[in-house]
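Following this line, the structures themselves.
Shared chain: chain A. Partners: chain B in the first complex, chain C in the second.
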Partner chain A sequence: MTSSLSLRRPTSLWSAILAIIPWLTAALFLLPIIVGLLGTWLPAFGYFPALNEHSLSLTPWRQWLAYPGVNSSTVKTLISGLGASFLALAMLLLILIGLYPSRLFQKIEKALSPVLSVPHAAFAIGLGFLIAPSGWLLRLVHEATGWVARPPVWSLFQDPYGFSLAVTLALKELPFLLFMSLAVLPSLKVHRTLWLMRGMGYSRRATWLWMLWPQLYRQIRLPFFAVVAYSLTVVDLALIAGPTTPPTLSVLITRLFNDPDLSLRTVGAAGATALFLGVLLILWALRIVEKPLAWWRNRTLRRGRQITRHTCPERPIAILLVSITGLLYLLGLVVTTLWSLTLRWRYPDWLPESTSLRAWSRITGRIEDPLWCTLQLAGLASLIAIVLVILALENEVRLKQMNRPVNTRRVLWLLYLPLVVPQVAFIFGFQVSLIGLRWDGTFPALLWSHLVFVLPYVFLTLSGPYRRFDERYAWVARTLSSGPFTAYWRVKFPMLLRPILYAVATGFAVSIAQYLPTLFVGAGRFSTLTTEAVAMATGSDRRMMAVMALWQQSLPLVMFALATLIPALYFRNRREMMQN
Partner chain B sequence: MFILDQYQIHLQGAALFAPLTAQLSSRDVLAIQGPSGSGKSTLLADICGVLNPVFFSTGALTLNDRNLRDLSVDQRNVGILFQDDLLFPHLNVYDNLAFGLPSGLSRDVRDQRIHNALEEAGLTGFAPRDIATLSGGQRSRIALLRTLLSEPDLILLDEPFSKLDQQLRTQFRGWVFEHIAEQNIPSILVTHDPADIPEGSQRLTLNKEPANA
Partner chain C sequence: MLKRLLSSAVAFCVLTTSPVWAETWTDILEKAKGQTVYFHAWGGDENINDYIQWAINRVDSLYDVEVQHVKNVAPNAVNQILSEKTAGNDDDGAVDLLWLNGENFANMKSNGLLYGAFTQLLPNYALVDTENKPTTLFDFTTPVDNLEAPWGMAQLVFLHDSAEIAEAPTSAAELLNFAQNNPGRFTYPAPPAFHGTTFVKQILLELTEPSDALYKPVELADFDAITEPLWSYLDELHPLMWREGKVFTDGAPQMKQLLNDGEILISLSFNPFEASNSIANGELPNSVRTHIHDSGTIANTHFVGIPYNAGSPEGAMVFANFLMSPEAQARKANTDIWGDPTVLAMSKLTATDRARFADLPKGVATLSNEALANVLLEPHASWVEALEKAWLERYSQ
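== the complex of A and B ==
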């Protein structure tokens, strides 16, 4: 009996390493959040040793509540944040009712990753060029009809209530929600359900609303919560597309944190904590309201078939919606490119009067440092993330072989934590803690702050395909080859090359899009394409703004193109590797 | 020579089946039958060296006088063939076959061995082909060639015929055992279908052990 226990395992050191990886990974992205939250809460209650404040008090809270514009800011935040979330959710539902499953939907699926890779700031800048009072859309209208010879005095962009921010955010979050739904949709067996329900007299809309949507929502709840939290607390996008006097809460708080008057730090901390609590409250309410809704749904369903109309206006509406969204992304890119090449462009001309490459050449000298910094950050962060994530997933394989399968639901909750906890709620506290350790404004600390967001996204992107891998391939490879590493490197890795590169590209894009971490943890010593683009967007030089936005937009696009092209070239003669 | 003696697999203190004893010389075939869940695949996993650590096995398990438990997967020289061919989709036929060849062969020797193997299988000229372009029967044959080229001392067959259609099945079955016999090695076949078992095979059935044992 003991002989089998002496079973020699040449890789026991390796499995020990693997066993540590998930903890290391989790610590890497959870530690900054926990430390950061505490580091924000303490100053919010007056304890701020950096400013010699050692006594707990409610003064920061009182100051926050009395701060000019907080009430109006709160209303704008709710309008833009909740508006964006529900708008995105409604658009998702409409598109699914109208178009899933269909040929067109498959095309949308294919177009999704370039759209997803567009950084928020670049998208908002493009949209601004389009719908600002003197924007391209009105110029096109003028060109076609002769109307609006003068730019209107009212503005659809940066409106004082935050409507335009809501729409901008919704348009940016819709592709994300669509993407997260893609993983769930096959398991809903939509086609067969629609077929079956139609036989019972339910229309497409009724089947979606009553049967399919509740199931789908349950499975994309976490991504949706991330969207809600993000929309309520976004900073870079709100700076570009949001209202100004006063701005949304997160922008207001960021200003307090960066105010020359250091005493406002504690007020900002109170505001950040209040915003955090508000977000938690809203998410909790969203979770709670599901129960009465489900009860109401069941009661209605029990009363039997209601809706028998088979016409589906959702289809044309969905097509319109998808076209408009796609067109806005495309036109935004086109008009940004036009502006980057513009020398003179007067209203109401629809094309620039004279063009030049001056803005592109003028930006040299200003772009090298941010570009280099962005590339280093994004490259290193996605590389570190992919290595850790692959090792963590290999550890799952190991645990499964030991019959101790990982509780993937719990892992999922942990991964979504950095996406649900608002950045403004902890990034200040993290920065303060780094100052205490004298790590602030160093490159490794900045890299770490990016990893907080890069790691979960890389994990979320890779875990699905990685877990679906048929381990028997690895088994066969090991019986045929000279060692476990050769077997992995020559079989499992190349077979998973496509999703691995895709995950790297995702990590890259996530790092590039980061604004607050660079602003706070970089402590002004580092600037990236994103911080520069946002800084320019609030300035007045449209040409430079356009050039910076294009740079910011092109890097992730190039990465996604590479992630598609490399496997396509490498496996061009391997048909089975070309699917998916 | 492959030996099982009083061999059992245990899970949480309970044996999966009554003790097995068998001795296989070269060319012997051991056919193992048993209801699903009786531990057939677990047995193959243990012989291969990829047994899930929650199980453990007792009794002798030796191949050519070496205790298999002392050896890692890649040192055991045990080949396996599944019901799915599990050819690597990112490699062409040549590279799939070369994957199993011992390392350190010169390019000429490699080419020669692969060429011979393909020729014998009636697949001359298939070396540069993408495996996705092959028929099911061709894929199965390549899969066996790949295993045989790795020069195993024992070959395990995990229902290797169950996914083939009836006509192909009879053909392929004969071909497989012919080739294994040519290599002068023993083989173990796990199957549901008695028709798969070649004449003159040793047979074992995995039975649940009586509860009081």
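== the complex of A and C ==
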């Protein structure tokens, strides 16, 4: 392995393909967003030919700023969105200080994928079933003590300021951040750093805060930004757990887009644009503030202020936090299952008064088409995404070998645009362009729209482990095998099988969660498990809602289970591959 | 008032009811054969979904028209049509028929998003009780002009748990009294959710001296003076409501859940059969009963309409016609199936068809026809927007 000259040069066709891939991918996935944003910006400035508005003006913006409740809605959006993001980040830090590395942490790692596969709305519905004033927890209290014979008039859920929304979101985003950290943590050499620092008299907490966390943050910045953008713009979860009068901005905007008064569409477009700019501004501020923070950290460290060793309460707190989070997920699932089997169930009974399989049997008769459509969409989208992402990452490897600065990574940054742009801000504009081409309501267009969201997440999930791969294995393989493809297929691919399958499962789950694109790009011609579940959620029948929520959760769960099982089976004779 | 409205209704119909094309029903049936109709209708109630599926199967076997139920709410369907108009797809839209009424209809009509007068071509439209059900001609006071086909009747009713409430409040004043005695046990959906707006209109109608102003465009009225009693009433009511009026439900479906949970004791619905229906399927306890206010409650009609760019308008007409047939209407009125009141006039039906309706189960919690006959008309459509805006300015800041 002394010289890379012994490497067989990749064929020029192969390298040409690889060179094109990042650009092609970016273009393909930026197009809908740019077109969509334009389609939103024009109405935001008053141009809306369908309503006979042909001149540009600032009227929609004035109307948006004067719309009742916009100010307080903005405050609630900031409370819930930023609150959720930083709460999730703080919980992540706490868990890492308290529990990484440890046996318990390894167990948490294993439990992560089923938790990740729970769709946001399903999680919020389950949480509502639990902690509403007539929810399961109080029913259990009543059962045990006889207190609260009537549901209390106060509530912890859906408070008017958005705190409960922040907590709900944070509990849902924490597993995602934890998952993204897993890919980075091994490269931080946490164990050795802690050992070294302890020898110098620093506590676990100090080591994490001053040494490890800044490195980790830099590597999970992108996923964190996705969390920030998502939390500021989420609609479905905010409808269930969020404040109402006024709701958060994204809900308010969605309502304007859906108002029977069609002239409010332009006001909604202005609001969506404002929200988009606000998100960009916040992300920019978060990026900027890193520099002074780093400077401050260095100064403090240079001063050499001794940070004394003290007992670490983080461990019990982290254990408590993990247990509560886990318990909420578990109980949410249990109570959802109970509702799906209910015929009648009232407060204060902790179990249904009568049960029935009716809800299940009613749905089973008509689940086939949506199930099939969901499988096709999610399967194809995650498959195409994984191929494109692997090719893009291989191109990075190629560029690195040629000692060229990897500036295509900048191109790939653009891929994250879909995670930052609120869906409401571009999906209508995209729909209009598709209709103009008469592509709306076709399967390829729908698949394309799913890919726009699936691809960034697949990239986010896979890029960390992929970039950490020790390329020397690939070199050895190439020298020993007949060509780059064989070498890749026989050595690198199997070694990366686990992260690749996880990325596929993530993409699968993301595709399943798409509601607005499925409805609008699909022109209502395609019904998926999610469109069915949302339709049910607009009704009053909790039993049917529960059945649909469980159906919706089951597919990603199966995928994550496969992503865990397949490598386990495949590597059953490879001790080194079993670990990690 | 009612009479004046009716006479102007008749005048309007005479003036505007001229078929867009001199098509006959046979032509339409012929063209409809083999067409696929995308029917966009709210899909949150499995009973209604089942009913629609039944109608779909019937129309397939009777007329060879394939209908697809797209579980989509009217605003999303209207967005689809707007996007199509923006993009210039004026002849083959994704929506062939949609379930709508009120503001959605008024706005689609004024923006030219509807197909044109068509109900006069449908044989079953002749059976509709336009004489005694004025809301089949005036949708929230907007003249229907044959642009949408009546599907079912709706009336604001209240649902209460008789195990907890001995005597249900039958006026706005009694409702306030109830809230004072039972703080936190009543709520209504926040406007612009239409159940919420309807509740606000109901209270306005109850608190206002009978006047023509509410039935004319809002610009002509002294809005502040007329609505003053409404706002002082709501100011008093809100702190006594569920979650102290700081959090609202998003619609009647959520209120039904809260009623079952015992978080609230009074809920509301637009379907007079809802209580019986929900008891039958287990969503509400047997003790729930229906009541209305002594002044009468707001009643209206829900319709199906065809967008201007429908790809299969003939198929949509055939399906709309079937939905108005005695067979479909009687099945719809059955509380075991859906329980949605018919738009048809019994006097216009044959004896056999009349019998379909006579034998229907009524349900334990449904009011008698006499009790329900006490209806109020919707205020002029322009009041909706004005009231919603004023409500949001006051209570959503």
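Points worth noting:
Heads up, the rule we're going with is that the second predicted complex is superposed on the first by the 437 of 580 C-alpha atoms of A that agree within 3 Å, B and C clash if a C-alpha of one lies under 4 Å from a C-alpha of the other, contacts with A are read in each partner's own complex, and residues count from 1 in each chain.
Just so it is clear, a contact is a pair of C-beta atoms (placed from the backbone, for glycine too) under 8 Å apart; a residue touches a chain by one contact, two chains touch by 3 or more.
What you see is a predicted model, and the numbers here were worked out from it, not measured in a lab.
When the two complexes are overlaid on their common chain A, residue A:346 makes contact with chain C while staying clear of chain B. Contact with chain C, but none with chain B, is seen for A:537 once the two complexes are overlaid on the shared chain. Shared-chain residue A:431: touches chain C; no touch with chain B. Taking chain A as the reference chain, the count of touched residues is higher for C when chain B and chain C are set side by side.
Of the two partner chains placed by superposition, only chain C is touched by A:262; chain B is not. Shared contact residues of chain A, touching chain B in one structure and chain C in the other, are absent.
Note for the complex: chain A touches chain B at residues 1, 3-11, 401-403, 470, 472-473, 475-484, 487, 490-491, 494-495, 497, 571, 573-577. Contact residues of chain B toward chain A in the complex are 48, 50, 52-54, 56-58, 69-74, 76, 78-80, 82, 84, 86, 88-92, 99-100, 103, 130-133, 146-147, 150, 152. Residues 48-51, 68-69, 71-72, 132-134, 150-151, 153, 155, 158-160, 239, 243-246, 255, 257-262, 265, 342-348, 354, 356, 362, 366, 428, 431-436, 438, 440-441, 519-520, 523-525, 527, 531-532, 535-544 of chain A touch chain C in their complex. On the side of chain C, the complex with chain A involves touching residues 38, 40, 42-46, 50, 53, 68, 70-80, 82-89, 94-95, 102-104, 106-107, 111, 183-185, 190, 192, 242-243, 246-254, 256-258, 260-263, 278, 281-283, 285, 385, 389, 392-393, 395-397.
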